[in-house]
Amino acid sequence: MSLLEISGLEVAYGVQRVIRGISLNVAEGEFAALVGPNGHGKTTVLRAISGLARAKAGGIRLAGQPLTGLRPDRIVAAGVIHVPQGDLLFPGMSVLDNLRMGAYLPEAARDEAQRLDEIFTLLPKLRDRQSQIASTLSGGERRMVGIGRGLMAGGRILMLDEPSLGLAPIVIDQIYELVQALAKSGRTILVVEENAIRIADMADRMHLLDNGAIAWSGTGREFLSSPEIFATYLGG
Amino acid sequence: MIRNPIKRDVLIAVVLFALMLAVPLLTGTRYVLTQLTVFFIWAVVASQWNLVLGVAGIFSLAQMALFAVGAYATAMLAYYIGLMLPAAMLLAALVTVGVSLVIGFACLRLKGPYVALLTLAIGQVMYLLVVNDTACFTMPASGCLPLFGGARGFSRFGDLGFRDLLGSKWYIGHYYTGLVLLLAAQLFCIAIIHGPLGLAFRGLRDNPGLALARGVSRMRYQLWVFGLSAFFTGLAGAFHAAQFGVVGPTAFAFAMLLFILAMIVVGGLGTTWGPLIGAALLMWADEGLREVSDWREIGIGFVLAACVILFPKGLAGIRLRSGRGPDPRQDAPPAPPPHTRPSATPGAGPAATG
Amino acid sequence: MDVATQILISGLTLGAIYAVSTIGLALIYGALNMLNMAQGGLLALGGYIAMWGMQAMGWPAPVAALAAMAAGTLAGGMIFVAAARPMLGGEGFETRIFIATIGIGLMLESVILKLFGPQPQAQSLKLEGGFMLGRVSLPLQNILIFVTALLMLVLVAGLLNRSRLGRAIRATSMNRDAAQLMGVPIRRIYLTILMLSGALAALSGIMISSMSGLLPNMGADPMLKAFIICVVAGLGNVPGAALTAFAIGMLEAVIQYIFGVQYAFAILLCLVIAVLIWRPQGVFGQKEVVRL
């Protein structure tokens, strides 16, 4: 049974169709990755799922419940957590206030104290930085706050948009360790990543997005063992 | 139909011009011709403001201030120096260009809403300086006259000479002067919109990155449009001064600013013919609603808000989509406008009272 | 010394009046990128409703003030529902909403003109009397204005910094997309902001009219001043706007004393133009700061 079902999704900016009828499923507890070169619509898929971009056609369902046409705040309430590209923290707020914004919805607010504790255990650095203003954090710290803020909401599926973007290699490793730990704990995760090779040995399932359409789907192992994919889509 | 948009628009302009040439032969009524003359003036101001606002994307509210500069410069050059009015008008238009460049340099580095507020503030400063100046500069027979005319303004600074030429039919001379002015201004608009400047702005709007990479400097082009359109705006102000023989601080009135803005918005911001359609429509509505003058202000407010909410591209946008050639003066008085929706509500400001 | 006291009193009063109406504008711009040009109409609405409540209905002053604020809240809400919401996310929102609110402001003023007439009237909601501070008289009305304004500022600051709603408002103005991803219903936040700003404008309108009388277009100059304060502070910066309001109020009092009342506004505008040329982003430069 798939938790997230996308069928025939189309998204257009003005007259330009960016997403041209894609279908993909993410199973409960699965670690899925949406990979492909930049500018081919990966971010747009996530924005369409979370309601920031309007779907022109097609359906999006979470555990059978249709999400298309709902406003973003209702989609969050339904359980879709979207950690956007570049974090989009609230720059003038403290780390703690940023995290608390993650638990804005009443259902999440009830568990605020407990979740905060969990996140501080998972990311001890944030406990030390909790009163610091977000705009003064380093790139890696920001990413952690971004992910932590997403986790505060609970939710049923965690969507991460390019969690490695703009970070130093050592910090990228830390972030992906965190993502893997989250996946192991049973969370359903959908990661958007440009660097397919980095994620291939972690992800349960890979979806290759090319020019607004899904060009290939399979396991990470299959991905790594198909030379034609490398040749065609990754220029290697 | 003609495919080339420049040829098409020029043709429309020339045909309309020819039609309007014949109007004084058909109707000799002074009232109608005077009203049309006033329409020419506001149509020029609207079309030039549209270039600034809709084509170049400069959120400037200095248009009426520039108009007033043209009017005041004409009156002052004629009154103090004794220049012939046509010469004073041309000189005044150049003065307006100079003032607009100063304003442009100060404003164009700013972001949209800052430009709007700053230009509004500049107009307000000019108004306050004119009105609050009570020190006498000269003492004509009529009493104390401050340098900028004070609250009373200037009068008796000469005319265009049509009274000597045509006698009691002088207003026909003004009619043709206004018509030529509008034709020139509209041809200028067509040249800007379809020419390299218009192309550059379209490029900046559609793909800012690419346009900038190709060396399109937004501010330089904006300054060009701002300065050039100020020429015709100043000329319109100068002609307004000549038409009515008085120049006063009412030229700065916020209500007038709104009235012109409404013309542009109703007609279609950024379109070639929208401002003229809007000017014709709103002046016609203003005329028609003279008896229920209480409701005019409410009406103009309503038209302004409703149009911008319901028709973001204005009436010209609607008409172009339905495939009909835009014909601004179809709507001119006394013919009824084809689109009754905005005018179903009372609309307009102190248009003809100038 | 007496002169300094006099300037201080009138400067603080002016600053208090400006601050109340300006923070509403700053909130709206911060969250929606919207310049609410109907503010002038809202100021007049507040002033007239308070006067009408006391004169025609015989309400006590606090009730009249609350009624005025309720009317402002309603009008602000209607501006969002009728004008801003249909355009949200559309092309050229900033320009279109600017023009639409000009239209709405004009309608508000014209309706007031039609109902109450063009002649100036006195604001009934006004404290008479005062006491002497040395040789300078300190009218009770000025004290009332100052205290009310301070109270409102503290209330708004508390709302923004200590409440869930306030955090949502600040989040929305810092990053619209991120706020939505946290589950903030931004449309409802926008509506709330416009209603709040309408109430503040109505209150400010009562204050203005208690000093200079009621006229249908009484809001025009104060609105321009409020925008100038926003621009000088940096559009959307709420605490900066409150501070700047008091600074401009003091400055205006000084200019009025030195150069005379008729030049105060013109000189103020020239100063502002100079400031903007010097710092195009406003004095409190950075964007996306909403703290009080």
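Letters are used for the chains, namely A, B and C, taken in the order the chains are written, and counting of residues starts over at 1 for each.
Definition applied: a residue touches a chain if its C-beta (ideal position, glycine included) is under 8 Å from a C-beta of that chain, and two chains touch if they have at least 3 such contacts.
Being a predicted model, the structure only gives us computed values, none of them experimental.
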Report summary line: The chains touching both subunit B and subunit C are none
Requested in this report: Using mean Cα positions, find the chain sitting nearest the overall protein centre.
Outcome: C
Requested in this report: Can you check how far apart subunit B and subunit C are, centre to centre, with Cα atoms defining each centre and the answer in Å?
Outcome: 32
**Report entry** Whole-Å separation of chain centres (CA-atom averages), subunit A against subunit B
**Finding:** 53
Report summary line: In whole angstrom, the CA-centroid distance of subunit A from subunit C equals 42
Query raised in the report: Mind pulling up the subunit A residues that touch subunit C in the complex?
Result: 50-52, 71-73, 76-77, 81-82, 84, 88-93, 97, 100-102, 104-105, 108-109, 149, 153
Query raised in the report: Touching subunit B in the complex: which residues of subunit C?
Result: 29, 33, 35, 82-83, 86-87, 90-92, 94-96, 98-111, 113-114, 220, 224, 227-228, 231, 235, 262-263, 265-266, 269-270, 272-273, 276-277, 280
Report summary line: In the complex, subunit C touches subunit A at residues 164, 167-168, 170-171, 174-175, 177-187, 288-291
Report summary line: Contacts from subunit B onto subunit C in the complex sit at residues 53, 59, 106, 109-114, 116-118, 120-122, 124-125, 128-129, 132, 254, 258, 261-262, 265, 269, 294, 297-298, 300-306, 308-309, 312
